Amino acid sequence: MNDRALRDLVIGLGGTAGGVPRESRFDITAASEVMAVFCLASSLPDLRERLARIVVGRTREDELVTAGKLGAADAMTALLKDAIHPNLVQTLEGGPAIVHGGPFANIAHGCSSILGTRTALHLADDVITEAGFGFDLGAEKFLDIKCRAAGLWPHAAVVVATLRALKMHGGAPVAQAGGPDEKALAAGLPQLDKHLETARAFGLTPVVAINVFGNDPEAELALVEKHLADQGVRCGRSTAFAHGGEGALELAKIVAGVVDAAPENPEPRFLYPLDAPYRDKLRAIARTVYGADDVILAPAAQQAIDRIVKGGHAHLPVCVAKTHLSLSDDPKLLGRPTGFTVTVREVRLSAGAGFVVALTGEILTMPGLPKEPAALRVRIGDDGKVRGLMQNE
Amino acid sequence: MNDRALRDLVIGLGGTAGGVPRESRFDITAASEVMAVFCLASSLPDLRERLARIVVGRTREDELVTAGKLGAADAMTALLKDAIHPNLVQTLEGGPAIVHGGPFANIAHGCSSILGTRTALHLADDVITEAGFGFDLGAEKFLDIKCRAAGLWPHAAVVVATLRALKMHGGAPVAQAGGPDEKALAAGLPQLDKHLETARAFGLTPVVAINVFGNDPEAELALVEKHLADQGVRCGRSTAFAHGGEGALELAKIVAGVVDAAPENPEPRFLYPLDAPYRDKLRAIARTVYGADDVILAPAAQQAIDRIVKGGHAHLPVCVAKTHLSLSDDPKLLGRPTGFTVTVREVRLSAGAGFVVALTGEILTMPGLPKEPAALRVRIGDDGKVRGLMQNE
Amino acid sequence: MNDRALRDLVIGLGGTAGGVPRESRFDITAASEVMAVFCLASSLPDLRERLARIVVGRTREDELVTAGKLGAADAMTALLKDAIHPNLVQTLEGGPAIVHGGPFANIAHGCSSILGTRTALHLADDVITEAGFGFDLGAEKFLDIKCRAAGLWPHAAVVVATLRALKMHGGAPVAQAGGPDEKALAAGLPQLDKHLETARAFGLTPVVAINVFGNDPEAELALVEKHLADQGVRCGRSTAFAHGGEGALELAKIVAGVVDAAPENPEPRFLYPLDAPYRDKLRAIARTVYGADDVILAPAAQQAIDRIVKGGHAHLPVCVAKTHLSLSDDPKLLGRPTGFTVTVREVRLSAGAGFVVALTGEILTMPGLPKEPAALRVRIGDDGKVRGLMQNE
Amino acid sequence: MNDRALRDLVIGLGGTAGGVPRESRFDITAASEVMAVFCLASSLPDLRERLARIVVGRTREDELVTAGKLGAADAMTALLKDAIHPNLVQTLEGGPAIVHGGPFANIAHGCSSILGTRTALHLADDVITEAGFGFDLGAEKFLDIKCRAAGLWPHAAVVVATLRALKMHGGAPVAQAGGPDEKALAAGLPQLDKHLETARAFGLTPVVAINVFGNDPEAELALVEKHLADQGVRCGRSTAFAHGGEGALELAKIVAGVVDAAPENPEPRFLYPLDAPYRDKLRAIARTVYGADDVILAPAAQQAIDRIVKGGHAHLPVCVAKTHLSLSDDPKLLGRPTGFTVTVREVRLSAGAGFVVALTGEILTMPGLPKEPAALRVRIGDDGKVRGLMQNE
C-alpha cells in the first residue's frame, strides 16, 4: 500500500526493547532496490551477490554496512528463489508474453527483468520489450543501465505517440486534449522530435508508432505522418488496442524492416562512460536527453556523491528519478522546454542494483494517494464480483 | 518481517506532503485485526461488514472512524475475496487437512477460520481442530470467541501433554527437561491438572494425549497415566510424530468414545456472558483459567475500556494477549502458580473482529528477532536448494 | 514555559549533524533534578558533587553516565554559584523572609533550600518554613527527605485548614464550597484528622491554623474548633491574609507554646529506614500517610527499581509524585478515602538530588496549559503597567 | 544551551494529553525572532505590535496564525517590558557603553537595539556602533535592515582589519597566519578591497582600522597602509586592545575627520527597494556584496517565498544567514572568490522582526557544540572562583 505517511518516519521508539531510534522511510515496491536487484540479476548466484551488496547503513567509522555483512543475503535470496523464474503469460489472443519485474521508470529504472528478456531471446526470433514512460525515462535507463548490465543492445527503437499527448504538450488543456485541435498538435510535435533526437544520440533508428484512438481526425494523423516523413522518420499507425494483433500488423512490418536492415551485432553507444565523474554523467543525461542547460547538485546531493565515491562506488551508472510529465524536472514545463536547469536534490547508492539514484525536482519514491483514491470506486458484490478496478467500469 | 523497530514509531513526517504526523505501530500479521476478521467471518458479505467495522481512529469529537467510513471496506474485501476460500492440503500420508488462517494464540485469538471449520464439518463425520498453546490461551479463546461467534460447540477436548514440558513446569531447567527426572515430573503435574480443571469449567470432558518422545522413560509415562487415572481422566499415548497416523490410533479410539458418549447437540457453557462488564469478563478468565487472585487494570487500560463502552461496544468477548510460558502473565511463574494478580496494561478495540484485546504483562503484538535471528542459519546453494529452515538441518 | 507538547518528544533528528535520535522529555523547572539538587545542597562543593552525580543516561553495558563523567559538573556549578546564595526579601509589613528554591510538592520534593533554612536558623530564634500542599505531600517529603539530608528536625508542625477546603472534601461542589454548609464541613473533617494523624506518626504535635475568610460563619469555625478540642489538638484562627501580622498573633502564641514545650533537640522519627527495599519505603508512605491498602508497582516501575538497585543506589529516600487533590493517587477520591491502592507507574533515579522519584496515578512532571491559559488575561498598557497577573485584577 | 539535538525534533507525542504531534526546531537565542523583534522595536507599543505579528503556524486554509491571534502578545510584552530598557555599562577605563541586544550577524541581523542606538544619539555627540562580522554580514544588515527600520544613516564606516585574517584569506594556514608572511598578506588584500568596495556601494566613505597585534611586522603593516593609500582609502592603526583608549586615538581622529566632512543628513542608499521581488533582493546582495554570479533558490525556498508573498508579506527586507568564514556561502572559499553562485536552501518569514530570513549553504540557526565543548575547560574552586571561561586562563 502506498501511503504518504510512510515517506518519512522515526522508528525504533518505545525504549530499548523497541530497538534503536532512527529516521527511516518506506519506498513503494516499484522503487525498492530489491526490485531493481531482481530485475538486473543474471542468475541465482548473481541475485545473491547483488542482495549481499545492498547497503543498509554505515558504521560510526563511515564504513558501509551491507545486507551481506548482516548475514541476510542467503535468507533474502531464498525468499526470491522462485520469483526469479520469468512468468509466461498470454495475451487475449493467445500470444505469449513474459511479464517479469515492475520498477517504475520515473522513480526506478523502468525495465522488465534481464532474465525475462534473455529467456525471450532464447525462445523467439524477435523480442519486443517495453521501457516505461518516454524516451527520457524508460529508454535512457534501458540503454544505459539494463543493456549495459546485460551486454545487449536493441536493433530498433519504437517511440509511441498519441495525438492526445502531443496536443497536451502543445498547450491544449488535459480535459480537451482528446478533441480535435490541429494548432495544439503542431505545437506539440517538437516534444516528439526531442525523443527521436535522443534515440539517434544512442545510435538508434527510431520508428514512431502512432497509437490511434477511434475518434482521431484523419487530417491530424496525416499531419503527424507528414511531419515525420519530412524528417525521414518512418512511422506506422497501430489500432492494436481496438483491433488486437491485426491492428499492429502495418507497424510490425515497418519495424521488422528496420530490424532486418540493422547490423546483426549492433555496437552499444552509451551516453556516458562508467568512469566519468557523477556530475558529468548527470550532465550528459540532462543535456542530451532532457535538453537542459545544466545540472545543479544541491549540497546534500554533492555530499552524498562524495561519500559514495569515497566508499568505493565511483563507477556506477546513474538512474535518474524524474517526473514523467515533462522532459524537465518541473512537471509544468510542457512541450520541448529549453533554458532550464535540472536540480538533483538527493543521491542514493543502490550498490546491489548497481547504480546510483539521483532524485530530481520533487519526485518521491513513495507516492501518495490522490484526493480521491481509486479504492473508493472499488465495489464487490455478495457474489464476489469486483467492479471499479478500471476507470470506466 | 517482524522487526522490533516497527513496534513504536512516528509517521507522517517531512512536512505537509508527508501527511499528518502521528504515533503508530505495526502488528505482526498473526496479531492483525484483519487476520482475526478473516478467521471469524462467516461469509463474504460478513467479511465486508467486519472489515467495514474496523476502527482506525477517532474524530476530535471522539467518534469512531472506521474503515467503512473511509470507503475502504469494498477494496479491502476485494483483496481478500480469494483468500477467504479454505485451503485443502494433505498430510504426508495423504490425509486431508484444512489449513486456513493463522492468528497466534498468545497475541491473538489463536484459531483457524470459521469457514474452514464449517467446510470440514460439511465434509467429514468428525472434525479435529487445533487451538494454539495451552488451554489458557487457544482453548479459552476457541470456546469463548470462535465457538460463540460460529454457533458451534465441541463434543470433546484433547489436552496434549509431554513429559518434557511437565518436567520444565516442575522445575527442571529447560536444557535438561528432556532427560529423566521423576521428581520434576511429579512436581509439574499440577500444571496439567489446571488445564483439565479449566476444560471441565467449560462443561467438557477432557482427554489427555501424551505426546511420546522416543526416549521417554516408561516409568514416567506410567506415572502420568496413573495420576490421570486416579482422577478418572482418560488418556492415550500418541507416537504420531514418529509413526504417523498409526501412532495416534489408540488415542483416536479413546477420543471417539468420548465423542460418541457426548450429547449430540452439546450446550455451550461460556465463562462469562457478553453483557457483563469488561472487568468481570477479565476476572472470570483470570480466576477460572489462570488461577489468579484478581485482575489489575492499569489506568490506561481502564480509560480505554471506558471509551470502548462509551463508543457503543460494551458487549464483546475479550481476547487476552498473554505469555504462553506461564499460566500467569509473568513468564517466570512456572507450574501452577497461585497468589498472583494479572495486570492488564492496555486494552484495544477490535470492532471488526468482534472482540476487545487485553494486553497483559509485557506481551507485544510485534515480536522482535532473537539475538541470533533464524535468517542467519538459512543457506541457499547455486542450485536453489535452501537449507537451514529447520532447526537441525 | 510549560507546554504539554514538550512532555514526550524525539530529538536528534535531521541526519548525523543533528546528533543521535532519541526519545526525551522536558520537565518543568519546579520538577527538574537541578532544582532539587540546588535545594538540597549544603555548600558549594556539595552542589558540585551533587550535580556531578546526576545520571543522564546509560552505556550499552548498562553503566550509569553522569554529568560528572561528561565533564559538565564544574560548568553547571559555575552557572549556579550566585543563585545558591539565599535571597532575603521582605513582607509588605517589612518582616524578613528567605525565599530560595521552588520545587513543587506534588511533582518534586516541595521544600525551600537547606541553605536558606540554615541561614535563617543562624539569624533568628524561631524559623517557620513552608512545605507545599498537604501533609501527605510537602510535609512528608520535608521530614523524610529534607530534614534527613540536613540533619534537622522541627519543634512543631502547623497544619493549615480552611472551611472551604474541608467542605469540598466533605462533598460540596467546588463552586459552592465557599458558602455555608455545616453538613459538608462535618463530612470533611476526617480529611483533616488524617493529616493530624500523620503528623503524630512522625512524632510531632500538630497545631491547626484555621485560615479564616471574611465570610466564614462563626458556627462553622466553632464546629472545627470543638472537633479539634475533643481530640486534644490545639488550634488558632489566623486572619493574616486580611490583617497582616496582627491577624496571626493568636496562632503564633499557641505555636510558640508548643515549640517551647518541645525538647530542645527533638529526635527525628522517619517513616522508613534508608536501607529498606524501595517497595517497603513506598508502602510505608502509602499506608501511613495516604491511608492506602497497598502499593502496586507497574512492571516498568519494578524494572526501574531493579536497575537502580543494581546500579548501586539502593539506599535513597523516595520522593512520591502524586496529585494534591486527593490523599490517594486518584484526584477524584475526596475526603479520607480507604480501601484503595496506589499505583506507581514509573520510577526515576535522581542520584544528584539523592532520592528516587515514584510517579503515581497520572501525575506528570510537565504540566500542560489549561483550556484558557492565564496568559490570555495578561494586559500591558503603553505605559508599561501590567494587569491580569492576579485572578481578580 | 545550544545543542545540535534540538535542531530537528518531533514534539507532542505520548497520546492526546501530550498535544498534537508535529515537527519543530529550537533556535539559539541569538537567532530567535524574539531577539530580532526586541532589537528592532522603537517603543513598548511597537514591541507589542511586533510580537503580535510573529507567525507561529498556518491554518488548514493556509492563513497565518500569529502570536497576536493566540492572545499571547500582551503576556510576551510583559515579559520583556524591563529588558527593553537599554543597559548602560562601562569600559575598564570608565567609558560609557550601551550593550543591548545580541543577534549574531551570520544567523540573524547582527546589530544592537534601535532603542540603544537612539538613546546613545540623545546622549553623545558621536555614536559608534558595531555590526557583527564582515561588511558582507553585519554591515549589510545594519544598513539595509536596521537603518531602514530606524530611519537613521551613518556618517562613516570603519572596516577593521588584522594582518592575521588577511594572511589567512591569502592562503596561510590558520595556525600559521599569526606569523610573518608577506606573500600571503599581499594575496589576502583583495578580500579587504571587496569590503571597501561594498561600503562605497552604500555611498559610504570607508576608513580602515588596522587592529595591531604586538608582534605584527612593521613592514607588513606598512604594506597594508601603502595598498590603501594607493586607492585613496584612509586608515589608522589601533592598539586599543593592548593600550586602551590611548591606542585608538590616531584612528579616532581620522574617523572624526571623515564624519565632520560628511553631510549632516546623509542620504540613505539601500541595496534594493522594498518592493522588488525577493529573488531580486537576494541577487542584489549576492552580486554586490558577496561578488557572486547569481543566486539559486532551492525549490523549497522558492515555495516559501511564494507563500510569504501570497500571505501579504511581499515588501520586507531580507536577512541572509551565511557563513562568516567566506564572502560566499561556502566556508572553504577564502579571499575574494569569483565565479560562484549562492544557494538559498530555505526561506523563513519573520513578520514580527519585519524581515525574511534566507538560509544559505549549510548555515544553521542552532549551532552544535564542538568536539571539545568549552564547558570542559571551566573549573570552579570551593571558594567559588571560576576559571577557564577565557581561552588562555
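Which chain is which? They are A, B, C and D, in the order written, and residues in each are numbered from 1.
One rule holds for everything that comes next: a residue touches a chain if its C-beta (ideal position, glycine included) is under 8 Å from a C-beta of that chain, and two chains touch if they have at least 3 such contacts.
Please read these numbers as outputs of a predicted model, since none were measured by experiment.
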Count the touching C-beta pairs: is B-C or A-B ahead? A-B
Can you compute the centre-to-centre distance for chain A and chain B, using the mean CA position of each chain? Integer Å is fine. 46
If you average the Cα atoms of chain A and of chain C to get two centres, how far apart are those centres in Å? 67
Mind pulling the chain B residues that touch 2 or more other chains? 10, 12-14, 22
For this assembly, give the contact graph shape among line, ring, star, complete and other. complete
Residues of chain D touching chain A in their complex? 10, 296, 298-299, 343, 345, 361-362
Chain C residues touching chain A - in the complex, by the definition given at the top: 10, 12-15, 21-23
List the residues on chain D that touch chain C in their complex, please. 3-14, 17-20, 22, 24, 44-45, 48, 71-72, 74-75, 77-78, 81, 364, 368, 375-376, 378-380, 382, 384, 386, 388-389
